[in-house]
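We just call them A, B, C, D, E, F, G and H in the order they show up, numbering each chain from 1.
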Amino acid sequence: MKKIFSRPRSLKKAVFHYCPGCGHSIIHRITCEVIDELGIQDRAIGVPPPGCSVFAYYYFDVDMVESAHGRGAAVATGIKRAHPESVVFTYQGDGDLAAIGTAETLHAANRGENITAIFINNAVYGMTGGQMAPTTLLGMKTTTSPFGREDKYEGHPIKMSEILAQVNGACYIERTAVNSPANIRKTQKAITRAFRNQIEGLGYSLVEILSPCPTNWKMSPVEAWQWIDDVMSKEFPLGLIKDTTGRGDAH
Amino acid sequence: MKKIFSRPRSLKKAVFHYCPGCGHSIIHRITCEVIDELGIQDRAIGVPPPGCSVFAYYYFDVDMVESAHGRGAAVATGIKRAHPESVVFTYQGDGDLAAIGTAETLHAANRGENITAIFINNAVYGMTGGQMAPTTLLGMKTTTSPFGREDKYEGHPIKMSEILAQVNGACYIERTAVNSPANIRKTQKAITRAFRNQIEGLGYSLVEILSPCPTNWKMSPVEAWQWIDDVMSKEFPLGLIKDTTGRGDAH
Amino acid sequence: MLIKTVFAGFGGQGVMSMGLNLAQAAMMEGRYVTYLPAYGAEVRGGTANCTVSVSDEEIASPVASSPAFVVALNQPSMIKFQNKIQSGGIFFLNSSLIKEPLLRGDIEIVQVPANAAAEDMGSVKSANMIMLGAFIKKSNLVNLQTLIDALAVALKGNKKLIAINKNALTAGYELV
Amino acid sequence: MLIKTVFAGFGGQGVMSMGLNLAQAAMMEGRYVTYLPAYGAEVRGGTANCTVSVSDEEIASPVASSPAFVVALNQPSMIKFQNKIQSGGIFFLNSSLIKEPLLRGDIEIVQVPANAAAEDMGSVKSANMIMLGAFIKKSNLVNLQTLIDALAVALKGNKKLIAINKNALTAGYELV
Amino acid sequence: MKGKIEIDQDLCKGCELCIFFCPKKLITLSDKLNAAGYPPSAFSGNGECTGCATCALVCPEVAIEVYRG
Amino acid sequence: MKGKIEIDQDLCKGCELCIFFCPKKLITLSDKLNAAGYPPSAFSGNGECTGCATCALVCPEVAIEVYRG
Amino acid sequence: MTGNAAIAEAAIRAGCRCYFGYPITPQNELTEYMAAHLSRREGCAFIQAESEISAVNMVYGASVAGARAMTSSSSPGISLKQEGISYLAACQLPSVIVNMSRGGPGLGSISASQSDYFQSTRGGGHGDYRTIVLAPASVQELADLTRRAFELADKYLIPVIILGDGMLGQMMEPVEFKHEAPSALPVRAGALRGAKGRHSRFVRTFTSNPAELEEVNWSLFRRYQLIQKQEASCENYLTEDAALVVTAFGIAARIAKGAIKQARALGLRVGMFRPVTLWPFPSEQLKELSKRAKYFLDFEMNMGQMIDDVRLALEGGGDVSFYGRPGGVIPNPTEVLRVITRVYHQKGLNQ
Amino acid sequence: MTGNAAIAEAAIRAGCRCYFGYPITPQNELTEYMAAHLSRREGCAFIQAESEISAVNMVYGASVAGARAMTSSSSPGISLKQEGISYLAACQLPSVIVNMSRGGPGLGSISASQSDYFQSTRGGGHGDYRTIVLAPASVQELADLTRRAFELADKYLIPVIILGDGMLGQMMEPVEFKHEAPSALPVRAGALRGAKGRHSRFVRTFTSNPAELEEVNWSLFRRYQLIQKQEASCENYLTEDAALVVTAFGIAARIAKGAIKQARALGLRVGMFRPVTLWPFPSEQLKELSKRAKYFLDFEMNMGQMIDDVRLALEGGGDVSFYGRPGGVIPNPTEVLRVITRVYHQKGLNQ
């Protein structure tokens, strides 16, 4: 029998430190699959800011640099401008990209920085222990929204992809999820496109990925995966949000 | 004969330090007219961050506090939360609100902070001597875009109002200009609404005002005023951008 | 006397609440107490531990570099702390999950089949309280009754939970 | 000898380029030179000034608290600097715009109808160069020819502009 | 005479906006400079002024007061 | 037997996602804990496995290798 | 109660009604306590801001409006607040900033550390300003000094930093609160709340006239001198007969105390000088002590920062050794005892 | 050429191809020069970032990728960069940060000031780190030290701060550049440029193991000691026979020099000690000098910051007076002369 599925080459042989059922692990793997597919392991430079995935460099077998919280887009900009042959991607949580990093992200996108952003929306701050994120759903109780998020007090969950779609420099934005075999495949395709855009010099691409955090959602992995379908994707609808690349391969 | 036009009460008797033909002066005056009209001179607290209008407290006869560059929305939030009876407005330039203050502005709007933002878009950094602003038009030469702003290098002019319109907490956003008698009147109406919304507790309101900067545009005042019609408002179309207040008085 | 105890296990096994209950009880007995949780980025899917120091005078450091007692609920914790426990100390092992032999001869070992006992009692989540009961019996750090009282405080009077936990504590106490 | 000169006027009257040209010329003559523009938030619609220090040795401070020469192109500048100019210094006044009398008797005053002369020459924007020409004649800080050469550098060889400015400089030089 | 305006000579910065926008073209620039160094504008009050206040509306310096009556 | 899978007992965290998503329900949770303290899942290789790789696709730990043949 | 919760509770009891923060380990329990107690409560404000920068500027706003306001963070987040702190100091706005510091530089470690001493005591922000810096060494003191911080802030119109560390924040110890939360606080004079019944006024720092700014700096400076005279405080522990004095603050002092007890048991005459206020540094008190003791061992959980102040206070009149562990490593009393013993012998104090 | 332009030109000639900045007075000419020379040029990057924070983090990225990179700002903007500078230091990324400082605190004034001495020399950011700090006193030195800054940054893998001020930045003086811009620079070893032909690697600071972070701190510390030994530099001006030594840096030193010339003309034996590197502070050199001279007058355009280092270097072995003007006020030589004369007499040096 032939081995038809195994660990991608650019994913190091290390045990993930993530919780059981966490979406980060899946996204790591499929990103590495894309890197392998595109043959860019020796050009890729990853930028993981703090967040549960701050240790991403233990897993990705590509050059990587930690950035300060929220500054991934700026750091990636610096790298790409200094060394345009590289393929630079940020790997940012929702606290990172949509709260403290709002300005860096929006302006990098607006300048059309030729980089790829992988944006993990798990509706909470994972690393710091489950605080409210800009993406936390209404009604969700977190350690800093103990009464459940309310529009009136904590504001509505922010839709960063839709916001970023407003600026010209962003050429491709899609929202996917990693909560089912089909969605995982779609996510992989989206990540592929986001990297291809960069390789072709088309500008800023972002894939927002709804990603389960069973720990802070206080659910079992299976429940968490289903909750994305049942609840989260109602607030954050999946699908292509923007594509100005003119390439025919949108699905 | 009856005096039918004179200095509004809440505008101090001081000579503006602004350049001849500058829009700041006009906006100061009409904001004061609105403050008089609404009878809120003793409740209003203004927040002017650095910018040509950093000295706004020399003109507005209401309580005022300078904020750090870009942080107007955060400071206004702090004031309003600590003292909800006040009527708090920020008076921010485009460098302030749309560059360094991007995150503060977007999130204050998203939380629906019950404040009023007066946003002066003059397409340049005035105070610091004419650098490129996020709103600088394509092709415009500034001291930091000496070859003329290009989409590819410096990104497209940012439309902050359209971006802010994406978030739920923003209840009212309108773009006006102060380059003709009619537009000045419309601006005054918009500012009135933006304050009224706050008084009625409806959330975050913003009026973006296209404002001439003859000095840095290197035009005469009259040319600058016309340029807003001829060029600037093509990129930044005037009109109501968002209104969820349900009040009938939109024009 | 300053006595430091480390409670260690997987996240989810309830080691933090073991420590908290002990700290609360010691406080109720009028002793100086510090409680120090240890967790970090690596906690996700890893081990968790906390340190409780109990003393009759001010406590200098809440950290235990060589604790007198270690309560290990799983194997990685046993491995992690076997070289730290002080000579002559007592190592409490959850023998339901820890199968490997310990390599030190200068410490006392108390084997507690906590998970098995908890299953017998029909409440698998009580393994930690069974361990704690056993710990108290041997360590004599606080009275069992104080611990039960402390529990009542922590559980804010939830009768059902108090009963379950009290049973587990007592069962553990009697197990060794 | 360290000599400090302040050029002052409205923004737009060209005081900065007067200072720059003088500094450039002095540099070409091998002297130590500093040029310090002064502007601030209040410049908008206000006055502008710059200080040129020329010396045969290293210059300590580029600031002039009591300049030897002041060139004032408008009345507010005259008012602002009339108390600062050092005793025995020379005050160059643009008499086309400055009508009020000066209140000090211990300094020399040179009246230059610069705007009027510029209008006569048909280039209203040259009033500053007329002033500068007059200044050079009286102050003897640098040679007229060096100044003209410096001008050529600043104008990057633009023949037409050079000619206009040279004429203005010379006219000013001959005016006093 | 339906209206008239008064221009504060010390406030005016000579931006010429009132001149440009006055529907009756009743305002001109004076040839003297004021204390601040600007040539202030002047009202040529020849009776055609309607007191429409357009000039005051556009004047950045709040230098114009308008009378009607 | 069209396919089979191998589950790395040390990598598995017992999240049960493979169990949930396996279309043939060929995976179960074992009752022992692995070294990391998780009950790993086990493949009940009863010949029905098609090697569809769904389990591997959803496995967050990359603990599953799939063979088809 | 954890140290973090103790601060939060003490702040609320000190009349703090406005809290603005942003998550960061190891101080999240503080923010979370505030979320639970100030959210949805009439007259209170809790905001998880979008960043530390925003949080400190919300404090600025709330303080301008007359409220007792507070923010908290840990090292990297405190760095981001530096501009804001400089503004708070410049505008003389009372406010409390808590730094439960962690290992640095960079993202560092989340373990307890003391390497932000310089940043806190010398103004990590720009300009000639100081903040009062309080360094508690127990959970009880965290609570007590939090209250004190608000009082000092109001008394001197100054931002006050509580410099704790991750261990103090996360450990639990018994704590007693001596005060109930006030039902209402008087509004601070000078607060901006709308110009009702008075002339409008403004709060600012910018000026185009340096001489004016110099005046501000001088008046700040005079206030700082007053604070230095009145508020420097320290703990002397067994220093009367000490041949060797350990200087240490915060959690390190606590650890040192344990070591000193052991040293005393061994017959070594060792004592401790612990600044409670890091700024103003109790220089007079230390100078005074140096009349009796000549040998000092400065012990810090960093590479040597407070030692500058120790040496400045001693003015050459003492022999100062140093022992430090940076990065979030927490030394234990026995280790410090070893150092004490070594220094004691090296300096010939056992003769 | 203005000082600001001189820095920019010197940087370009030092091989700096990546500049990221944000407008702020009084350093805009620097940014603008870079805009004119690095925009639209192959292999170069100029970005006006959306904030100072973004700019310093772009520098971080460019430096990680092996480029000589630079940012510049003035006081409030430098405060915002503190977190980033701490990261640069932690990750040992060579980089140059220019601070043309202005009056503070807060928004302050745009006039020249020296009140960011503490912030620059003690790490305004969190953690045990240092940056090399160079303090030029003329436009020529701005240019020379800019080149030196890039060299030192690469040599020691450290961020280097050029601490100038608004006056130095805006004044013009003749300046000579001794070097042509290199056509290409070798890529720094350790740079991240994709794992071609080697194993992948990473740059980070975060660790869950404080002991690891302690090691980082120790290795930084050892490097800092090396730098202190090798790079401390100063200017001695007429100090051989000086009874009174003025200590001053940057623009203040320049003003002091003028005053000293006048003092000498009056027959007063006055000299000047000017640190060129503020960190490492030339303590040895000053200590050495204090064998000859006992009286010092520290003169700064702030309320007294470098004086700490002067006193630390003297270790009680000197009598230090102070004269300072904060807020952006620029004293003139005559004023400093008056102070010199007063101190000279007070200390009885004219006998």
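Assorted remarks:
The rule is simple: contacts are C-beta pairs under 8 Å (C-beta built on N, C-alpha and C of every residue); 3 or more make two chains touch, one makes a residue touch a chain.
Just so it is clear, the structure is predicted and the values come from calculations on it, not from any experiment.
Path length between chain C and chain G in the touching-chain graph (shortest route): 1. Comparing the chain pairs A-B and D-E, the larger number of C-beta pairs in contact belongs to A-B.
When chain centres are set by their Cα atoms, the one at the greatest distance from chain G is E. Note on chain placement: the centre of chain A and the centre of chain G lie 38 Å apart, centres being C-alpha means. Averaging C-alpha coordinates per chain places the centre of chain C 55 Å away from that of chain H. If you average the Cα atoms of chain D and of chain H, the two centres end up 34 Å apart. Touching of two or more other chains is recorded for residues 13, 36 of chain F. Each of residues 40-42, 45 in chain C touches at least two other chains. For chain A, the set of residues that touch two or more other chains comprises 16, 18-20, 22, 50, 54-55, 66, 68, 99-100, 102-103, 106-107, 111, 127, 134, 153-154.
Residues 13, 33, 35-37 of chain E are the ones that touch chain D when the two sit in their complex. Those residues of chain H that touch chain G in the complex are listed here as 53, 75-76, 78-80, 82-83, 86-87, 89-91, 101, 103-111, 113, 115-116, 118-119, 122-129, 204-218, 221, 302-303, 305, 308, 311-312, 314-317, 325-330. Within the complex formed with chain E, the residues of chain D that make contact are 10, 45, 47, 74-76, 97. Chain A meets chain B in the complex at residues 99-103, 106-107, 110-112, 134, 151-156, 158-159, 162-163, 166-169. If you check the complex, the residues on chain G that touch chain B are 17-18, 20, 45, 47, 49-51, 53-55, 57-67, 69, 83-84, 87, 91, 192-197, 200-206.
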